[in-house]
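There are two complexes below, and they share chain A, which is joined by chain B in the first and by chain C in the second.
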Partner chain A sequence: MLKLRNSFVTVLAALMITSLVLSGCGTNGTGGNSSGGNSAAPTTGSKGNAGNTGNAKPQDTGASSGKQAGGTIRVAMATEPDNLDPYLSAATDTGSMMDNVFDGLFEAGENSELVPALAESYQVSEDGLAYTFKLRQGVKFHNGSGLTSKDVDYSYAKLAGLNGKEPLSSKFAAVEKIETPDDYTVVIKLKEKDAAFLAANIIAIVPKDYEEQSVKPIGAGPFKFASYTPGQQLVLEKNDDFYDKDKAPTIDRVEFKIMPDPNSAVLALKSGDIDMVPGISSQGALQLGDGFDIVSGPQNMVQLMALNNTVKPLNDVKVRQAINYAVDKDVIIQTVAEGNGVKLGSNMSPAMKMYYQEGLEKRYEHNVEEAKKLLKEAGYENGFKLTITVPSNYPFHVDTAQVIAEQLKAVGIQATIKQIEWSSWLEDVYTNAKYEATIIGLTGKLDPQEVLGRYETKYAKNFFKFSNSEFDALIGQARQEIDVNKRAELYKQAQTLLTDQAAAVYIMDPSRSVAMKNTLKGFKMYPVQKYDFAAMYYEGK
Partner chain B sequence: MKWKQLVRNKPFVIGASLIGLLLMLMVMSLFYTPYGPNEMNTAMRLAHPQPSHWWGTDNFGRDIFSRIVEGTQTAFLIGVSSVAIGLFFGLFIGAIAGYRGGWTDEVLMRLMDAKLAFPGILLAIMLVSVFGPGLGNTIVALGLMSIPAFARIARSGFIQYKEFNFVKAAVARGAGATRIIVHHILPNIASPIIVAASLRFSGSILAEAGLSYLGLGVQPPDPSWGRMLSEAQPFIVNAPWYVLITGSVITVMVLGFNLLGDGIRDVYDNKS
Partner chain C sequence: MRFYIRKLAALFLTVLLVSVITFLVFQVLPGDPAQIVLGVDADAHQLAELRKTMGLERPAAERYLSWIKDTSTGELGTSLRYQRPVADILQERLPVTISLAILSLGLTLIIGLPLGIYIARRDGKISALFLSVLTQLGVAVPSFWLAFLLILIFSVTFRLFPTYGYVPWHESPLGALKSLFLPALALAIPGIAVVIRYLRNTLLDQSRMDYVRTARSKGLRERSIMYRHMLRNSLIPVLTIVGLLIADTLGGSIVVENVFALPGLGNLLITSIGTRDLPLLQTLVLYIAFIVVCINFIVDMLYKIIDPRIRLKR
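Now for the complex of A and B:
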């Protein structure tokens, strides 16, 4: 009998391990876990979203029973802040929290436009090399000091490396010098024309000679940094002296609760311990009953299967096109994203309204016969073997790989899936392009140059190994083009070219869903991961 | 053999029936599964258990029963081969250490101790991350992981038995070390080793499930219980049968092997 009991103890242990397995390791999830300013961040674990797809419109302000002053918003965040200093942080999640503390000359608008923030107005010289910004007057940092052109000079010098130290942002590489003719005017001279420069000005402006940003961040944004307890929470408090009275915050306090496990975040929302879960999974959304709002919209991410354009047989455009025909994107959106994704045809999300070329998603409608025909023309009638490398910490991409492998089977391509660790993915695939095919989500940027520039032949991390002189010419031209509409046109042509060349299989932009209490109003969706708490408020009783 | 005692031993009978059942399923899966294990039917996603899909379907519309049954192959393959690797090297090292004694024993066993100092699963994770994921590497990693346990058991057996008169008689007769180890001592220490092997078996299967759960074991889309468990996790609330069924099957297998091992120990090894 003792033996039997022993054995049950073992089994009990087995059960406990099983349950550990179930509850643990749930950290790969929600929330954009980005890596480095210029790198690819895969889709988060969110498997799409339920309900209200495409409802990216802000809720009406004021129309209902009215704003309630004050209150606290408790938000579940999946990842720990990597660095509180806005210039040293690379994680998207951290950026979206601290964006409320810092303001830049501009801020990102809902339609990927630039909205003046600290800058009142700006002017670009005829030759496109000098940008003159007029600053708002009477802006105060959270430590009480007034914001002047000296602070902008200090901030940008730091970013561009003009202070003799390592430059902190590659976006400011084109800056040659910064002049401050008076306290509220900044003139920035560029070495060469760079149409993407304007969008870089959403970056935080920090007070001059203040070096404690990593410990106690000080900015000029609508919220002040209050405290950060690692593993628990980051707290922001209302900035009563915010310069823009129209956009001044209503909410007193924002508490970001660190919750790596998406399931517990959903449970906490249900039980009322938190008020908002950004990046909720569709399965999580299904669990929420009445009393919650879910807002979904394209998150400006391009999920794609990158094909290494230099390895055989993927160097043949016909083979790449055949793969494009063989993959049924609708099925992927249905199964992996629960229907909450927008089908793509090129490397641009419709969230980038100004630059998005419509209709490309129809270029390769699912067609097995056409795929087989193209493979035959390319001399691969009997198919070939293909290895799809996926980062193991993103179930979203692993799932996509499983569907694609099954679909490729139908045209005779034997795909095997190889999961690798995220750090090896960055090293082998992203940096060294040692792979055949890989599935990843490229996070959106505000400027199309950063999105499409990765296909340029000379781009260091062009892991597609795509090289096309026509494309390079278009992108080069677009970089120099100051006229916004002409520039957009060039980027649209570039997208069409990518589709025709089948540089990759462009799958979808998985929607981002944000769940919150239905008394919480004023949430807006942006083409970048941004949570504007200053615009949010609780509805009055 | 003590078959009569075994048959009367309850844990053994229960364990053997559970394992027998799983073995039958495995044999069946070699020839037949209701659906292709990787076949996706997107019209039938996350269907609950019903006549056409006994155990329901997963998030890709794949038949869970077919995948579980197909997964028995992986589970048994990993169990058998990793235990075989561990047993072979473990016995080898244990036999030499125990039989030779002296500094050979010290060196070999301290090496084993050093290896035991690392948690097994951690070591396996390390090996798999270095040599890459996949079935083969997982088997090797789990096999290496189980060497020290077998080595210790073998060593203690050898130390005990080498002093026995029949061994001394064999030495006096001029038998070589190999002959003594294989023919005279090994048969005598077989029962504790069989017990250890059957327990190790479930340990390996559980470890594989753990590795696959972390994405390091068997690669998708081929079914592995551990990975199925991890794939089921997001649907725990909306499709609870998926995770329950997968978890139960793993539990049944582990329970089966543990009972089997306990039963054998009860009958053969009545010292403890």
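Now for the complex of A and C:
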């Protein structure tokens, strides 16, 4: 028990080591990162062309490129899977591993588009209440059984709670009835219009009446689940019967190694014991040297300082705006993220091209005078005391809090930082909203509803305690709007409203950097955390 | 006989007390095991489902009592985080921690004892001074830093050992040894330094004792004085330290396990606290308390063998 202190020491050590490395390498950084740049296109570090290699077809192994068949990719993962059953898992890391085992009717594309996977085509009725999916024929699950509409029925009934049990996903709450007119047609009838429903169809389709998903997951994806040893590794093997020959995997085996320490992962990559480290820090990337590719791009995350909108004095919009003026986001991006982040103005990352409202990041340009003026108007001329509660296991957010506390001093706000353990944060801050300000990163989703829905008054985990009838109306309208462009417009208005109301301080979308051996090709960056190992391959000599 | 009964009663009481305190502390700590496993992206329905599987709707006290009941019958309950029997998890993790403890203890003794004697015999010479500076460093340097240094030197530069992970003994004994050597060394180095310093100091103390002077004047050879008389008398404090070191490593070593990504008990302990996995934590706490008491007992026995004058009284 005494050793508990050591986890703190580890963090300290990591900081020390990285700072050593930094001072050794000089601080030339990656200077020219366009801070206003909204392009979601991945930028490739050091060695060049990893960004655009994924297009070659897997069959033409011979002539064109030196593509090698087979091989194993060993990937460092920081966390253990929460559950192998896709319906019982919520962790992003788990999803990104198991996404290779399971396919849905659609898959997420590189530009947030929906790419047909198990569904060949779909149709929406004019009233927007009936979705007809035509299934691809000749699809086999890993247990050998062929995919039919019955499997989709079974899967969706489970999610929507139509099988007489509790539902497993609120995204399927609108589903009223599932019909299967023939083996390859599924008609889903909704109770009410739900524009977010289409994107929900990226969820895994599981074989009918198979209840062992938590132990031995079976899907129809390009890789088969092979084994999971808690604390050590999760192994996937190539699915030789994958239905889509154009996207069939080349790699034989993927091993996710569970490595809790990020520095060890970098050393393992350097020594050749690991082939790929997703989410490498910029310090880690500097240590690597030759022989590695680093691909980075916006990860569709919103790092923000949430303000409890019901706590005095934060319940005053002027105070919240003053805090927004007082915080200099550029400084945070340059120091904490070492320039690898895109400035935000609302709860949406530019990676969500279609829905992102441009220009909001300029709404509160750093302005101490304006902040002081607003505080004076609100009656807090002499400032006030503010506690920023941060989860201690995220050094990134802790560092951000330190910079912000310093910046708030300039306008007279005395901020103290309270570090708490992640589990306590989830309970106190996230579930019960017992806090004043906190810093956290919210992972992006494919559908804007899931992103902005967090601010709805009725949302159970609305820890911002933001409540605005105009906002609720916009979100409600957007949910019913089937026209894609009109819907996007509504979400843009909702973002603007969040910015005007200064519901939180939206800081940045920190870049995601993935480091891998430079012989490993075909990596593609997605607006959600997704690693498509079917598209990856080793380059031959 | 009464001595053993006494020890057993003490063991039982310690374990019970530790267990109750752990339970009470957990009641005060905020945190919902289901929410912790699923994180901020959890769907409300998923949360409800997981809470049901974890059996969280039952009051905490009731769950604790049923864990005690399970444990007293030899089953150790079910882990909330892993949704598997705690006994199975322990079975996977114990070999790693025990191998690590044995290896690092072996290294500590093999390196520590001879160097301690050497340094005491050459007291005042340059080589001894150099070694003392090294031991000073060994005590001061934290093991995680050592771990990284060892990886950098032996794995990244010379590629002699794997950088991370564990290979089970039954799969490949050589692989297992290779995968555990660096972590064992990282764990052993501070212990080696402590053993050297203790042994040196007590040996030097002993060398000023009357019996040593008598032995010398009697014309005994220096070797014989050192190994037959002084060393035996110096082993008692060293044994105490070694006992503490073993108990420590058998309880799992959080930092070293993390750095080398080893699936040992230290890692599990942290996870069980972080995820508020009471059945798992209670079992681990029980195990650690048990280990500490047992090691103390063995050390007491060894005292008696080394120095028969010591009586285990009362």
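Following the convention adopted for this analysis, the second predicted complex is superposed on the first by the 476 of 541 C-alpha atoms of A that agree within 3 Å, B and C clash if a C-alpha of one lies under 4 Å from a C-alpha of the other, contacts with A are read in each partner's own complex, and residues count from 1 in each chain.
As a convention for this text, contacts are C-beta pairs under 8 Å (C-beta built on N, C-alpha and C of every residue); 3 or more make two chains touch, one makes a residue touch a chain.
The structure displayed is predicted, hence computed values, not measured ones.
Participant: Quick one: classify A:S392 as touching chain B (first), chain C (second), both or neither.
Facilitator: first
Participant: Check the residue A:Q283 against both partner chains and state whether it touches chain B (first), chain C (second), both, or neither.
Facilitator: first
Participant: Quick one: chain B or chain C, who's touching more of chain A?
Facilitator: Partner with more touched residues of chain A: C.
Participant: Report for A:L442: first if it touches chain B alone, second if chain C alone, otherwise both or neither.
Facilitator: So A:L442 only meets chain C here.
Participant: Touching A:A401, do we find chain B (first), chain C (second), both, or neither?
Facilitator: first
Participant: Contact-wise, after the overlay, does A:D261 reach chain B, chain C, both or neither (first, second, both, neither)?
Facilitator: Only chain C is touched by A:D261; chain B is not.
Participant: Between chain B (first) and chain C (second), which, if any, makes contact with A:I333: first, second, both or neither?
Facilitator: In the superposed model, A:I333 contacts neither chain B nor chain C.
Participant: On the A-aligned overlay, A:I417 touches which partner chain: chain B = first, chain C = second, or both, or neither?
Facilitator: first
Participant: Using the superposition on A, tell me which residues of chain A are in contact with chain B and, in the other complex, with chain C.
Facilitator: 3-4, 6-7, 10, 17, 263, 421
Participant: In the complex, go through chain A and note every residue touching chain C.
Facilitator: For chain A paired with chain C, touching residues are 1, 3-4, 6-7, 9-10, 13, 17, 80, 82-83, 87-92, 161, 166-171, 214, 229-233, 257-261, 263-265, 267-268, 270-274, 421-424, 426-428, 430-431, 440, 442-443, 460-461.
Participant: Which residues, counting only chain A, touch chain B once they are in their complex?
Facilitator: 3-4, 6-7, 10-11, 14-15, 17-19, 21-22, 25-26, 45, 47, 262-263, 281, 283, 286-287, 331, 334-335, 392-393, 395, 398-399, 401-403, 405-406, 416-421
Participant: Residue numbers of chain B touching chain A in their complex, please.
Facilitator: 10-11, 38-40, 42, 45, 59-61, 129, 132-133, 199, 202, 206, 209-210, 213-216, 219-221, 226, 229-231, 233-238, 243, 247, 250-251, 254-255, 258-259, 261-262, 265-266
Participant: Looking at the complex, which residues from chain C come into contact with chain A?
Facilitator: That would be residues 29-32, 35-46, 48-50, 52, 82-83, 89, 92-93, 142, 144-145, 148, 151-152, 155-156, 159, 162-166, 251, 253-255, 258-261, 263, 266-268, 270-271, 273-276, 285, 288 of chain C.
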